[in-house]
């Protein structure tokens, strides 16, 4: 039995509240157990220099933890004067993952920036940020679409993320902090609504893992992500209606 | 009539939710109209180098706005690599104001750091941060006191803050963003429960102001701060009971 | 009696030498007791990006202390790689104060930068910087005017600044360093020649202050500022002749 | 046929020259096709602050590209004043991977830093850095062992890395730059001599991939890594003799 | 004839005012023509980490130009967030030059920091800084000596610096800004009272120079430096009396 | 006898390998004894902002040491977040020296950047960088010339550099690290093929030097530089053929 009473293959309770910020084009407060992330999508009608003149849009992400999101307070990156490696790694991952389900051509010359600010952290902040920011992104795109419908809808599929790991020899889904810090093997998965892999990052720093263990973890993760996508669909309601129509 | 329908001397609706972060020793989500600030108090059993060996504690604050707290997204200070002047000015103000009602000797050799993170900004973020972080501070001190009662209670009085200004020739209390950007004269007040001034920062960049105008603004501010202190007392409940006993 | 023998309501001796830098459009060495600040005004025929295309000018300030301006040497901000909060706060204040007596429309699309470099510090460096840099600004504007007269003179009034505080229960004018560090209440005032307030920053970190105390400090400050403006007028001579004519 | 004439399942020619730096405790110049990386291992008899007092050692890595390692010159990170996200991500990966085959307890209180400097880049610089720096690490450990033999040998297994990807619908091993930039799916694998996974990072930013595709890529990678480990063993010679004895 | 009417072999008028800062252990305002540098010497009773435990002292220098020391205003290094290469080069030169006439053993475990702040620049700021800061250093050492006499006097000789260059084919002494910017060959010399070279930095970026030209420049420089040392001796008076006694 | 068995007036063995980088327009690996520097020349068809619109080109240099180029590992400047003074001084010297033999007018509006990366350091890294980067520069210019011949050849002369110093009272040529750290007097010379001085930087921090000592050092250096230029000519072969023709 896990320390919070869950079965090995169960997600933590997930809640997605939409429209939580009155300025952002899309906004979401996502809670997965005690992990809480505020995700906002900001639309700007221009693209970064390296994308100019291609007639394509851009989607990018930034990630940050509030200083007291964790058990003990950590120093602000703004005070340290630089962003640490972990933060960069995570925000690059979020951006890359979201872009995999966006048709940048169809989006047109605009940038959507997803800000994922972790209000409280209990493990899985990067996967929760991906799951939440997909919804914020979808809300922002639906808002643009409502004003001036896209010929080809720029979001091509749903996208969600979760973690899996091996703790005490047992494969488990959606690790909370205490499990995460004890896991011998730890893997983050990002998948589409169509069941394909977008990102797969597994690490066995403590103990290398076999191909068989890998397969068991992948199966656990697939099932969790499908559940998360159901929750995203409910949260989006009508704003999710055009997603996927372009690929049928 | 003001754009949100308030009388010149009325505060915006204020709500203070306590205990919103499961790790912080004190935490508050304060809303003043559409301005929302998350305030956490973190206790560490050590003092910064410049306070060492004096047998006294320290209270300090940090302030930050989420990138999309405002109408248009602003760049993160962590990405720019430095904290801007406005942020520094505000966090120095919050720390100084809170220390004015803390007996650092009585607090003992520990540091309490107040983090004020603005989730949504509609004017008055610095005054709302002071009002909210006083409550977070009081909760953290009450928590220490519950574990091991202070001989002399380290919080000596209540403390709250609001803004006043002259808009269209009319003195008004608690400016929201649109008023703040049009105000000819703009003043932030911090006062104690005992009705004394702790900070008073008035600026007439657009138009200098007379002593008579100053007096009208001060009266308006005093009354607003007393209301805010009533709300703080309700939010604190029993956790506010020992405040002020040391001064009687 | 004060440690330097002054009455509570007396300024320190003030000397303003003009034209001390051969390159700057306006330059001043101001001494207030042992506090010495070199103020230069530099005119550039362009405005910062955020002011472009408005047909208006800009006035801004930078402030810095030489490393050995103080009792013990302090590290250069250029070596630390960042400007500290106190410096930012002060230079924002100087710029804001000066702009309150400048008609930016009348100034035209140019920027005047005031550099205030403290050669020796004995309290009141920010107020002395304001008083001195007003003169440097007025010299630079007079120089432009001599070359090509302004239709509307861009300086609308005189402007000076001083500090007041409560030391040993006594309100005093123009604090030197030793008084400043012992003051329970400490206030900086910026006022115009017309006797109106431009900035008022009072702090009672050590001890909150009553409205009556505030009133006594304001009266003391007003009188000191009028004296400083007399000295500015003498230093400026003919270069100050057009100031105020636009408002009559 | 691939642009360099290789079969889909063939590695590029790999050469590992050892002892290329006269100061470093271990040093290697590794060439994989036109990718050339200089790897040095530096031993220090102390550990970083967060490892102090645990009686354990530490292994860490830094990665950098010379400015003209690539087709067009890129700015030095030292000139930009900060390390970019890609660099941080890579050096974190190298360190984590190497630590997975080091018994830090057996290593004792010392730090080994692997510097991977890319002299010329033609794809696969991170995987080549891992393969090369493992050899540099093994040389440094053998050198310590020669002076004073370890009771338990701190390197527990061989370790190498390669990339796999899907280009034009075909799974291929060890991508060079031109393939890497066209790959729809791209995966880096790190494995031990014992055939277990240490790191697995796959990304389908351009096109999500199925579980079947994943399986084909893993098989291709496994075979390449075993070949690389053979080459490492030849390069190490006697210096590799004690590796693996601790796990038998 | 030179643009300021000097003969090729003449220095600009030099004035050295001592005791210009009431806090610094030694202070000097040196003027060489229109170049004005404020030099302060600050004594601290500790040495930097790399000098600890050797029973020796340290002498170091920092150099900076006020933003409007030059024809057009330049950005503060504190605002840019880093010290530029020219500044570093100059302050390293000043420190190295001064240390050549200091017996660090005799100085004892203390640090003397020379701050050279250029108030107005008209060429030769680095050489003027050396000449001026030697006097500030000598004043500080004399002050320590007065309190507690040194067994061996730590200053072993006088030290001054000037520039020479070839302008319009003519070797000239002590270049002002306009000459400096037109010089084909430009050389800075630092010499001792005993007539030996301490630093010699010549550059012919515009046009290489022959050994014969070099010799003519060196002769010109030697003579100028002897004149400067006479002026230093007058400025120091009794404070210079013990210099050189240790070497006789 | 010197520690490596050389006569006082002998250079270390020098080897220059060209074409060592497949992307750079010119590249060289230069070895002088155990000092090894990789020099690449990168051509860009634009000039830096301060050179725009003058119809002239620009030549600049960057210098860096790999962390383990030295006996003990030193921290990367990219990790420290800033370039140190020594690095800046050296790269400014390299750029200035190379420009002295380049006709920027004849080069046309393009920039050539020389990157000097020290792979292993045993003294003389700055002089070896100059000698090597001249060859890389000459290769890049010859490559441009081959594609589209210059009317006036932009390289006006050969250029090389070496060090000289006084060790144990003896003037010596081309100091290695151990000599460099013991030298009382230390001088770097840069000269042209025509035998003229371009840079001359001598320092007697440990002990001032006389004019006679200077003359002996200059003679030693001249002879060494002529030998280096012979080696450069051999390394360049046909690519050096047009150098100097413009000046005949």
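Structure notes:
As written, the chain order gives the labels A, B, C, D, E and F, with residue 1 at the start of each chain.
The rule we apply is simple: a contact is a pair of C-beta atoms (placed from the backbone, for glycine too) under 8 Å apart; a residue touches a chain by one contact, two chains touch by 3 or more.
These are the chains along with the protein names UniProt gives them: A, B, C, D, E, F = Ribonuclease PH.
Since we're looking at a predicted model, the values are computed, not measured.
Considering every other chain in turn, none proves to be in contact with both subunit A and subunit E. Residue-number overlap of contact pairs with A-B passes half for only one option from A-D, C-E or B-C: C-E.
Greatest Cα centroid separation from subunit E: this falls to A.
Rounded to a whole number, the gap between the C-alpha centres of subunit C and subunit D is 60 angstrom.
Chain centres here are Cα means. That of subunit E falls 29 Å from that of subunit F.
Taking each chain's centre as the mean of its C-alpha atoms, subunit D lies 52 Å from subunit E. A straight line joining the Cα centres of subunit D and subunit F is 34 Å long. Each of the following residues of subunit D touches two or more other chains: 81-83. Here the chains make one closed ring, and walking it from subunit A through subunit B gives A, B, C, E, F, D. Contacts from subunit B toward subunit A in the complex involve residues 21-24, 27, 34, 38, 40, 42, 44, 62, 64, 66-73, 76-83, 87, 113, 115, 117, 119-120.
Interface residues of subunit D facing subunit A in the complex, by the touch rule stated above, are 82-86, 88-89, 91-92, 96, 99-100, 157, 187, 191-192, 194-211, 214, 218.
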